[in-house]
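Which chain is which? They are A, B, C, D and E, in the order written, and residues in each are numbered from 1.
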Amino acid sequence: MSLLDVDGLVKDFGGLRALDDLSVSVDRGELVGVMGPNGAGKSTFFNCVSGVVAPDAGTVRFDGEDVTGDAPESLAKTGLVRTFQRTRELETMTVRDNVRLAAPDQRGERALPALLRTSGMREEEQAVRDRADELIEAFELDHLKDEYSGALSGGQRKLLELARVLMLDPEVLLLDEPFAGVNPTLTNEIAGRIADLNDEGMTVVIIEHELETLTELVDRLVVLEQGSLLVEGEPAAVLADERVIEAYLGE
Amino acid sequence: MAFDNTGRNTRRNFLKAVGAGGVAATAGCLSFGDSGGGSGTITLGQPAAQTGDWDFLQPGVSQATDVAVQQINDAGGPLDREIEVQRRDTAVNPQEARSVVTQLVENDDALALMGLFSSEINPLFDFLQEQQTPVVTPWPGSGYLDTRGGDMGTPDNIDDDQWVWRTVIGDTVHTAGGARRALDEGNDTLGVINGNSEGARSWADGFVAAYEEGGGTVAQRVEVSLGQSSYQSALDRLFGSEFSAFAVSIPLEDATTLLSDWSDGGYGRQPILSDPLAQNDLASQVGGDLDGAWAASPGQAGPSFDSFVETYEQGGDAELNGWTPPAWDAMHVTALAIERAGEATPEAIQQNLGPVSRDGGTEVTTFAEGKEALANGEEISYQGAATPTNFTNFGNVFGPVAINVAGGGEFSQEEVIPAEDIRGLVPEDEY
Amino acid sequence: MSLLDVSNLDAGYGDLQVLSDVDLTVDRGEYVAIVGPNGAGKSTAMKSVFGIADRQGGSITFDGTDITAHSPERVIHEGLSYVPQTENVFPSLTVDENLRLGGYILDDVPESRREAIFERFPVLADRGEQVAGTLSGGQQQMLAMGCALMLDPDLVLLDEPSAGLAPDLVDEMFDRIDDINEMGTAVLIVEQNAKEALRRCDRGYVLANGENRYEGGGDELLNDEEVRRQFLGG
Amino acid sequence: MSVRERLFGDGERSGGSAERAFLVGGVCLLVAALLVFTPLAVTVPGSSFVFIEVGTLFVIYGLLVLGLDLQYGYTGLVNFGHVVFFAVGAYTVAMLSAEGSFAGVALGLPWLLALPVGVVAAAVLGAIVGTTSLRLRDDFLAIVTLATAEIFHTLFVNFRGVFGGNVGILGVPQPIADLAADSDTAQIATLVLFGGVTIIALGFMTRLTGSPYGRVLRAIRADELVTRSVGKSTFSYKMQAFVYGAALAGFAGGLFALYNGAVAPGFFTIQVTVTIWIGMLLGGASNHRAVLGGLAIIMGLRLLSRFALEVTPVSADAFASIRLIAVGLILVLVIRYRPAGIWGDERELGVDS
Amino acid sequence: MGLAQNVIFGLVTGSYIAIAAIGFTLIYGIVNMINFAYGEYLTMGAFIGILTVGVLPLPLPLAAVVAMVGGGLISLLLARLFFTPINQTGPVPMLLTSIGLGLVLRNGIRLTAGQSARYFDTEAITFRFDGLPPLSVGSVDLLGGFFVTSEQLIVMGCAVGVFLLVHTLLTRTDVGIAMRAMGDNENLARVRGIDTQRIRDSVWVLAGVLAALAGVLLGIQTNVSAGTGFSQILQILSAAILGGAGSPYGAIAGSYVIGLVLALSTAFLPAGMTGISSAIAFLILIGVLLVKPSGLAGQEVREA
């Protein structure tokens, strides 16, 4: 059974149909790329799956459970985590706090332990701190860790966002254009990390325009057009598909 | 209620002994008033409504206070010292009033307070007791003060004193005069419309109580909130009932709106106005329909009212209102109390307010007369501008009630119900 | 001299630089397309011409006037108009009112111009009182173009006019653009539908990664293997 | 690196100050207890009384501003009716504990029972307002809270049988004044006791906001969607911040009633809300000590400005208006030139000056 | 108690509020701020009217025009001094600035104009319609006779005139259409060459003009003092929010709802509760916000 199973998703915005009977499924451990021209519905697909918007029809199943329309926070708690296309940093918080925030199920996030500063809470916070610093270091942001994230450059924000979601130790990671606005060196680096995560067993779905990187990275490509599935399959085969070329170059 | 006043004395002594140090240094630098015990200027405090809901009434009260101070000082001042009034804004807010009172008493060394409204006094009553400083105020009509305040008839003993005195007639009393007249006119059923501020309500409560006591029936009573652009709906509701006259108790500005609405609506029937509404402005704004409406007003009918008005008008052009003559009286009676005491302290004033005002002794209408009589070893009885100013045991005054009738765009006095008649309306120990 | 001359343009949003060293020209009456993969900076190039994106370096001249530092409300006075990709009509205003605002900067818009627009976009003609927000996507796009043409500009900038349109409407849209260009108005178009755009335009630019990649005649680019590869990352 | 720093790191930058607050607050409580429960009496110079008076009000309002800062400074909730929770706490305590009030309900129950009920009442009102309104946009929340405060003010004034109308509820017990040796001692004891309470509240707030809990609140202020997408139930946090702030205000109201001995609508006007908002912004939202500092400045300024009357050439009437004009101008100028307040962090609040 | 009569009272009250609320809501929609100092704009307008009548002296209608012109100019001046410089800071700082400005203006007016109320000298004529048959349901008379005064007719007439003029302005003139366009999408407005600052200035002027008119009308019906406008601000604000903030047509609807609620609740609430009519208006506001946060008019309303 697939880990993430999207079936017959429909979403209208006003008169515009952003998703039109879209069905996609992702298996555990897979690394899937989602591509398609602008307006094909890629981000809406992510938004519906991650609970940011509720689909008008269709179901989203995660690990066998029907999670259609569930709130983003409950999805995130069950292990389905996403990033945003235009990075959304908590600009009024430091890099460290951005990353630490994402640590799940902390006792210190409840008022009473926070007030009493229980030893359990402190130990937990220490662990969170170590893990966050590890991630920050891994993404080479350690020289910036006390900076407010509002001061970061575009590429650094992408890294920070990745570090933040990894703090959640997600089962499925939905990445919305992780390479946009990132220089080639960094792109390769991020790609490498994503590959590593996938090797370690994390399921990853990536929306990306940077086809060169994407095709090298993913196991499978899903191409959307006009809100529905156009083609899916091995990257090479997909790219050779006439329908895909047409979708990108026009008829 | 017993209050230990040693605390206060020690505090003052402490100040004298230590001088300035710590917080006292800051405060000392900022304190400009002289200490009240020795010679020099005598400072009195006036918590005032320079901003806030009733600020339009303050100019008259300020002017009356200032001309009184001027006249008293011209006559040599109590104990041959100058009086000075320190006026501070409370915005008619009890919170502000609390700190203003503290500042006046503690920093300005005011020996008595010549102000405070019902809405300030009532919730601060305990606090005011702790100040152990007489409050001689021209403002409050509240029924709450009917049985609170004054010296309990024992001037020498301040242990049982409650330090609030008012030189204005309590609503309970003068409304009784109004109610009596309403009944005399043959109105056995009335409508009542009043604002929901404390002053307006307290008048209406007093009036209704006295009226019903006298056998009248209130067919309909409508409360309205202040500051509305129209009172038509409330009037419509009021006049849905049958009655021959209706009582109006709401501040002047709203009353003008309300009575203009009433006039426009052609509801008819005769208005009976609460005391502060006997103002020519109202009569001229509302016009001919108001002719025949009357207000039972205290305060403009005391024995020395005419000489007060003469002096008052020389002091400026602030409008005279129902609280203006009582402000004058408050100042005089306080100055006389100091003169009689022979010392200027809060306790001395508290102990002498009764003796200089109550019946018995030479009747005096000005400070100069009083000072002279006291110098001759006579007892005096101050005859005020608003009332004869005979303080009851609870620090209240009775006075004649003047019936002012509207006609031709102004009010004129038609009848005066003597103080004695009014006194008869209220049992001895309830006011 | 070119009508529009963009040289060495660096541009982006705030700290973010999207374009570096981009050159573009459009001659009077010319039909020029900018194509390139998503995220190549095509729209940014157009927005910086109109003063919406932040211009970080280089220069932009239009009809001999340096407009590098002009705000949008000044640029429009120079004789170019711009049709944004999305949110390009005022949804709570009627079609008529939208068109009226198209000619906002003119003291007086000749009635003939409105009629010419209705002639070109007949679907708008009988919807003058309809609120724009209730129009279909295609109709809104037509309206947006109509608004841009109210000024009878020398150059019109079109940002992905075919995006989100049903396939049959796409053709019509391109036909309308051809009409506009044939009437003598220069057109600069950013298109995802590269094939169609390149087929119809006089000249095209391929942008990738915020830089000029290729430049040439429309057909020339269309048939270039390198360009095809560029798109599909091969 | 000290052991504590090692343990808490920079995220717990306020850890030390919380402990210090508990210590100072505790000492204050002890001193107050000493003053209240022993025959010990102190005498203070009369001229400092007004400072003690305003100081007592300041520490009560301090509880309000701390709660408001939790709501606005940390969580970004625009509460324009904070005074209503203060009022509900005060009225509840007053009505339960008062004896022989002139008007309104006075049940004469022990004040020790009334005080917690007052806190709960304010918290419940906070929960009701929160449940219905926290999903609304910022400025609508402002309107709903403002309207709630106005509704309650109207109820207090109009339902005389219950709330005593404009007179309010009188005859509320004043435990400190009753226990202390004399009124000077009672005043000082009140200031020290309430001051201690406020400092302890400051300590709790510092702990709360310096912990992962506070991190979530700040994240909600920065971007609620991101916070949700990393698995935090933001609505629940907003609700908590709102209810805690309301409860703290209710507690402050209860203290006020027991200190003043009476409550009346005049104590709970929109002016209170405005004062604590100005104090918070002046000091710098999202910084507990700064908001207290800001509040101290604005209240101190109002007090000191009264002293300035003697040295100004204008009449007392004019002066009263000029004072209020000055307060308005301060608010305008702070927002324009120091949007993060005097001690606030511009990066923390995301504003440019 | 006649329902018809109270409906008329409600409509009159609604008319004052509506004239002011249109200005308030336009500021909300286009400048994106809640202007808490707006009540003081009414007060200033009323005082200019009083001054013009008293000092120049001009007849009342002309004085009203002078007040409107003055109100517009003052509004623009205040916006330039206080609000335009912080346009970019967001709604909360703008709201707080307006609270500060309100404090300054209110007390400034008190300082210069004194504390006592002023009155316009006017005469009202009352028109009665007594011939109507009662139509009773319980104690409520649905029809019944009613009256209306010339002042009330003037107020309602002014309101209708204002609605028509504002409607014309917003639908027939470039400036007005541009105002609505800015409420929709400020960036696109700039792309169309609209000088957004000029439009914002126009909105301030319009809001000032309307506030001054409302202030003068209010002054004629009641009186003029430093607190005149402040006592109305919560009702104006409620009406604007109730109608769907930013929509002038919604504000008109909201104003009449508030006016009718005030009148009918005063007339028909149980005895002893008549003083709480303003609280009822707020309750309705809260209720509407909870059920339909976008207000009565929803997001976009074209026709009233």
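As a convention for this text, a residue touches a chain if its C-beta (ideal position, glycine included) is under 8 Å from a C-beta of that chain, and two chains touch if they have at least 3 such contacts.
Remember, it's a predicted structure, so these values are computed and weren't measured experimentally.
Undergrad: Suppose chain centres are the mean of their C-alpha atoms. Which chain sits farthest from chain D?
TA: The most remote chain is C.
Undergrad: Mind naming the chain pair that shares the most C-beta pairs in contact?
TA: B-D
Undergrad: Could you work out which chain's C-alpha centre is the most distant one from the centre of chain A?
TA: It is B.
Undergrad: In whole angstrom, how far does the Cα centroid of chain A sit from the Cα centroid of chain D?
TA: 42
Undergrad: Measuring centre to centre with CA averages, how many angstrom lie between chain A and chain B?
TA: 74
Undergrad: Can you check how far apart chain A and chain E are, centre to centre, with Cα atoms defining each centre and the answer in Å?
TA: 49
Undergrad: Just curious, how far off is chain E from chain D if you go by their C-alpha centres, in Å?
TA: Each chain reduced to its C-alpha mean, chain D and chain E end up 34 Å apart.
Undergrad: For chain C, give me the residues that contact two or more of the other chains.
TA: 133
Undergrad: If a residue has to touch 2 or more other chains to count, which residues of chain B qualify?
TA: Answer for chain B, listing residues that touch two or more other chains: 51, 58-59, 196, 223, 225.
Undergrad: Two or more other chains touching the same residue: where does that happen in chain D?
TA: Where chain D meets two or more other chains at a single residue, that happens at 154, 157-158, 317, 321, 324.
Undergrad: Tell me, which pairs of chains are in touch?
TA: A-C, A-D, B-D, B-E, C-E, D-E
Undergrad: In the complex of these two chains, what residues of chain E are touching chain C?
TA: 171, 174, 177-178, 180-181, 183-185, 187-196, 299-300, 302
Undergrad: Looking at the complex, which residues from chain B come into contact with chain D?
TA: Interface residues on chain B, with respect to chain D: 4, 6-8, 10-12, 14-15, 18, 21-24, 26-28, 30-32, 48, 50-51, 58-59, 62, 87-89, 91-95, 98-100, 102-103, 105-107, 109, 118-120, 122-127, 130, 142, 144, 196-198, 201, 223, 225.
Undergrad: Quick one: in the complex, what on chain D touches chain E?
TA: The contact residues of chain D facing chain E are 78, 132-133, 136-140, 142-144, 146-148, 150-151, 154-155, 157-158, 274, 277-278, 281, 317-318, 321-322, 324-325, 327-332, 335-336, 339, 351.
Undergrad: Show me the residue ranges of chain E that touch chain B in the complex, using the header's touch definition.
TA: 1-2, 5-6, 9-10, 12-13, 16, 107, 110, 114-117, 119, 123-124, 126, 128, 147, 149, 151-152, 218, 221-223, 225, 227, 231-232, 262-264, 266-267, 271-272, 274-278
Undergrad: Looking at the complex, which residues from chain A come into contact with chain C?
TA: That would be residues 14-16, 37-39, 153-154, 177, 180-181, 209-212, 214-215, 239, 244-246, 248-251 of chain A.
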